[in-house]
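Before I ask anything, let me first share the structure, which is written out below as structure tokens.
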Amino acid sequence: MQELVDSLVADGFVPGGLPLWVAYLGAMLVFGGIVVFVFILPIAGITTWVERRVAGRIQSRIGPNRTGPAGFLQWLADGIKSVLKEDIVPSAADVPLFKLAPYVVMTGFVAAFVVVPFGGPLIIADLNVGILYLTAVTALVVVGILMAGWASNNKWSLLGGIRSAAQIVSYEIPAGLSILPVVMLAGTLSMQGIIGHQGWAPWTWHVFDNPFTFFAFFILFVSALAEGNRTPFDLPEAESELVMGFATEYSGLRNLLFFMAEWGNLYVIGAVVTTLFLGGWQIPLALADHPVPRIVLQFAIFFAKAYFWVFVAVWLRWTLPRIRVDQMMIMCWKYLVPIAFVNFMGTAVWMVLFPAGVPAVRVLLSLTAAGLLVAFARRVVFHVRRALLTREELSFNPLSTARVMSRG
Amino acid sequence: MSLTGFEVEIQREVDGGLTTEDMTLSMGPQHPSTHGVLRFVVRADGEVMKEAIPDIGYLHRSIEKISEKVGWHGFMPYTDRVDYVAAMFCNQGWAMAAERLASIEVPKRAEYCRIIAAEFNRIQSHLLSVGSMAMDIGAYTPFIHTVREREYINDLIEELCGARLTFNYMRIGGVAWDIPPGWREKALSFLERFEPLIDEYNALISYNKIYTERLRNVAAISAQEAIDYNLVGPNLRGSGVRYDVRRDLPYSVYPELDFDVPVGSGELGTLGDCFDRYMVRMREMKESCKILRQCLAQLPQGPVIAKVARNFKPAAGDCYVRIESARGDMGWYVVSDGTAFPHRCKIRTGSFAAMSIIQKVSRNLMIADLIAVIASFDLVAPEIDR
Amino acid sequence: MSLINTAPEMALTTKIDDFLNWTRKSSVWYMLFGLACCAIEMMQTGGPRADLDRFGAAPRATPRVSDLIIVSGTLTLKMALRTKVLYDQMPDPKYVISMGSCANCGGLFQLAYSVCDGVDKVIPVDVYVPGCPPRPEALTEGLIKLQEKIQQERWLVRKPVAANA
Amino acid sequence: MAVSDPAAVHAVLRSHFGDAIGDLAGTRPDNAGTTVAPSAIVEVCRFLKTETGLAFDCLSNLSGVDYPKRNIIEVVYHLYSYRYRHLFVLKVEAPRDNPAVSSVAGVWSAAEWQEREVFDLLGVTFEGHPDLRRILMPEDWPGHPLRKDFVEPEEYHGISTSRESLLKT
């Protein structure tokens, strides 16, 4: 970033006499704007489309398919429509807080992208406290949600806000404790540094470094889901219980901001677990010599890894029921926190005992993971084939409109 | 008996410790989980409810009054709307009441047609109940899957009587249409496919850890309590009372059929908790499949409707017909004064009784539990309000 | 917004209108508002066979984010007052589909003492779907009709929609 | 020893309550029963519930019927015993202009809501009921709709209750 501006100044692109800090600020605004509008908003939007299409498939439906190819532009229609809707502020609401809340949530979510390494050099700022910064700004979301819940002056919203506060604050602890092993292994808090400590090959990833990090990875993912208010932890907006929780009274653009943050957060979750545990954007060096294809490839591999976890989150959402608020707390404090702590201590001990790591354990863990994936894939294939078989059997009724309507 | 964490909190408050202000929430009439238009006034202390007071009548369509205006035959379509999820039973209840008052003998084949239609309807109703239960717990997909299966039963019933939801299939003295040719095979092929699906639902949702944790030990109702509040059907059987009108006050051709009456056993928690009520419905679907197979095999030949006067005037008198609807023992108290119009028709329904017990069982539950309780009772709003 | 209905009619403004209408019609979020029998058919319509989600119509729990309220079933007088409140809580532009005979005119329950004969006595209705209850295909047709109606709206240009459209 | 025959049940009641019990009516098991004096209904019900051999532990149905010609409102109790699987019907006749019957909500909890419904729709006052208020109709609804002489109000909160037929010219 700084280098970019410096080189621009050196090349004379920046008018002389302009203070250097203005150039920096301008560059940041431009680059930030590009990231927000070209990457963050579309990624949140497209995730909604993916979610609806995947949900459709899971539920033997089709999902949106009228807007653009396979309904791809659905998110655009939803977004623009929401922006154009009437903006209602309830008369009993605490107006300034009510109006501010979505932006606080949005700030927390967008600020997280500052340290997300999209690939090779593609990072807005490689802070030396990167992962610490990330946990800090994502926790800002809870302030916004609590504000929304309180300011709406609606009891469902309030309950949702309180649930969210309890949930996010609690799950920060297992999440933090699961990040620590990685930080210890890499010896740095910087996102690029953590990725740099891993290689492209699965057995060099942190997740397979030792048995403790293997579990830490899953705890981090579960805690991240809880912080992102995703099923089975979607209590703050539990539709069947709290109508829409903290967002009940929000309409139009403000509601859109909440939901953009939710879906965008999914990508942040995926990016964080990819960075910390799954080797980030690392690719074999032999693949690409020239910087441009290399960066593209790195971006693609990072995006694919991160988006896989977005898909997993979507898939969990449409499979699992929701847990109750006391069970959620029990799960956090009685199970996740102690296990995460054991992982943390265990990793420390492991590092003392085997400073260079144990290659056999790494390979074994990688193979275990591969085995799990294969077993799972076989199950998926089995179910898909059976579903196709029953679909043929189903068309027994000449009166049935099923075949006509499911076309398209 | 030791108190759980939240009960300790409440006890401390009762003892005069830290006092907090209760929150009064109005849940409904438009709320995603109220299954139509019910309303609960919830008095809650944070997440824990002190009390949930039901408020009903948002779907009171004065069906009982209409029965006095439209005549015996004319009331049949209205009975569909008493319980639109299981309309066949209401048809049957009304037809049986009129037949009993006028001492009409129903042809055997008609009785079988009625049972076949009704049992399909029971599967349909239980499917909706099971699915919406899962939806209320937060799993949306099982609901859509049950809706998918309902569509196939809808197809079958549509071919039988021409309607998808409000069937109006039965007539006083029999049924409107005979079973069409080829229908039997379709019904059997559906059953062939549907029975394994019940196990699949069990695998997908019933024994899901989160799901069972949400349902077990929630709102357990003892058998004594259930009888006192006149719970019926799966709600009563969930509490361990082996009572089924089809078996204990047999009507129609049920005595000729062989089926079990599943009851709750408290397999995962307390007897009579939400999970027991849920599982009873799951198992009843299997029993219905069994009944349907027998009916389809034994279906006799003959007419499907007895000769009934167009201007139907049963003798003066009253009768109380009880049938086992999907929501349990449905009572039809019909008074005739010998004219072409019924004098009074009172429909006693399972949901009404289940609704009245909610205030009692909802004490000290959490708000999320209330949703599970409502869903586990399988409430259908018009059946409560009529 | 002073822009509404003030801009002159030009190719550009009509194009913008068309685009905005396209977004509105492609994303008709309906409120989960099941009243009676028709609510079951509404669920079936959202189910796998008819799948309203294909048209971008997703169910929403709160009136604040809904564009469409499908009045599915008998509206009693006790509920009519609530329905009006719900309708008022929805943000503009908002649409109403009256589903089934009861919501259209009282239907079978015109004889009843406690039933409001038609939802149009309480809130304005855009599309009436006949049937008791309407089949999922009928409700889908109703939604498509509503989409056609939305597509003809003019927001920037003051030009009345042709009466026969 | 179960007393399942309606005639036998009636005889037991007669021997206990004497004149408060009317004649045995009804021929089938589902409508065989007797009338009871309004003042005695709670004792009769409690007796039927607790007496060994009768054990009517369930109030299956409680309904009201308006008989304008006889100028009475009849409250009908359909009792059922889960223990012995037998039924019995009790009927209480109350004057039409000011119907009042003692509440059996203390005997069976199921009666509480059913009595509220009868109060709401037919205007029978149940004395001793813990919470007697309207249940189905709104609080401000005029009259009791299931009475035969009920007249539908012209409008409710500004919503007219009739609709012009399009078929009329």
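So that you can tell them apart, the chains are marked A, B, C and D in the order they are listed, and the count of residues begins at 1 in each.
Here is the rule we go by: a contact is a pair of C-beta atoms (placed from the backbone, for glycine too) under 8 Å apart; a residue touches a chain by one contact, two chains touch by 3 or more.
If you're wondering where the values come from, they're calculated on a predicted model, not measured in any experiment.
Counting only chains that touch, the fewest steps needed to get from chain C to chain D is 1. When each chain is reduced to the average of its Cα atoms, D sits farthest from chain C.
Averaged Cα coordinates give chain A a centre that lies 43 Å from the centre of chain B. Averaged Cα coordinates give chain B a centre that lies 31 Å from the centre of chain C. Here the CA centre of chain B is 24 Å from the CA centre of chain D.
Mean C-alpha position of chain A lies 35 Å from that of chain C.
Across the assembly, chain C contributes 47-49, 61, 78, 113-114 as residues in contact with two or more other chains.
Shared contact sites, meaning residues of chain A that touch two or more other chains, fall at 59-61, 239, 243, 402. Each of the following residues of chain B touches two or more other chains: 32, 57, 60, 62, 65, 144, 148, 151. Touching pairs of chains, sorted by label, consist of A-B, A-C, B-C, B-D, C-D. For chain D in complex with chain C, the touching residues are 136-138, 145, 150, 152, 156-157, 159-163. On the side of chain A, the complex with chain B involves touching residues 55, 58-61, 155-156, 159, 162-163, 231-232, 234-235, 238-243, 318-327, 390, 393-394, 396-397, 399-400, 402.
Against chain C, in their complex, chain B makes its touches with residues 29-30, 32, 35-37, 57-63, 65-66, 69-70, 77-78, 80-81, 84-85, 128, 144, 147-148, 150-151, 154, 164-166, 381-382. Within the complex formed with chain C, the chain A residues making contact are 52, 56, 59-67, 71, 73-74, 76-78, 80-82, 84-88, 239, 243-244, 247-252, 255, 401-402, 405-406, 408. Against chain B, the residues of chain C that register as touching in their complex are 31-37, 39-41, 43-44, 46-49, 61, 63, 73-74, 76, 78-79, 82, 86, 108-109, 111-115, 132-133, 135.
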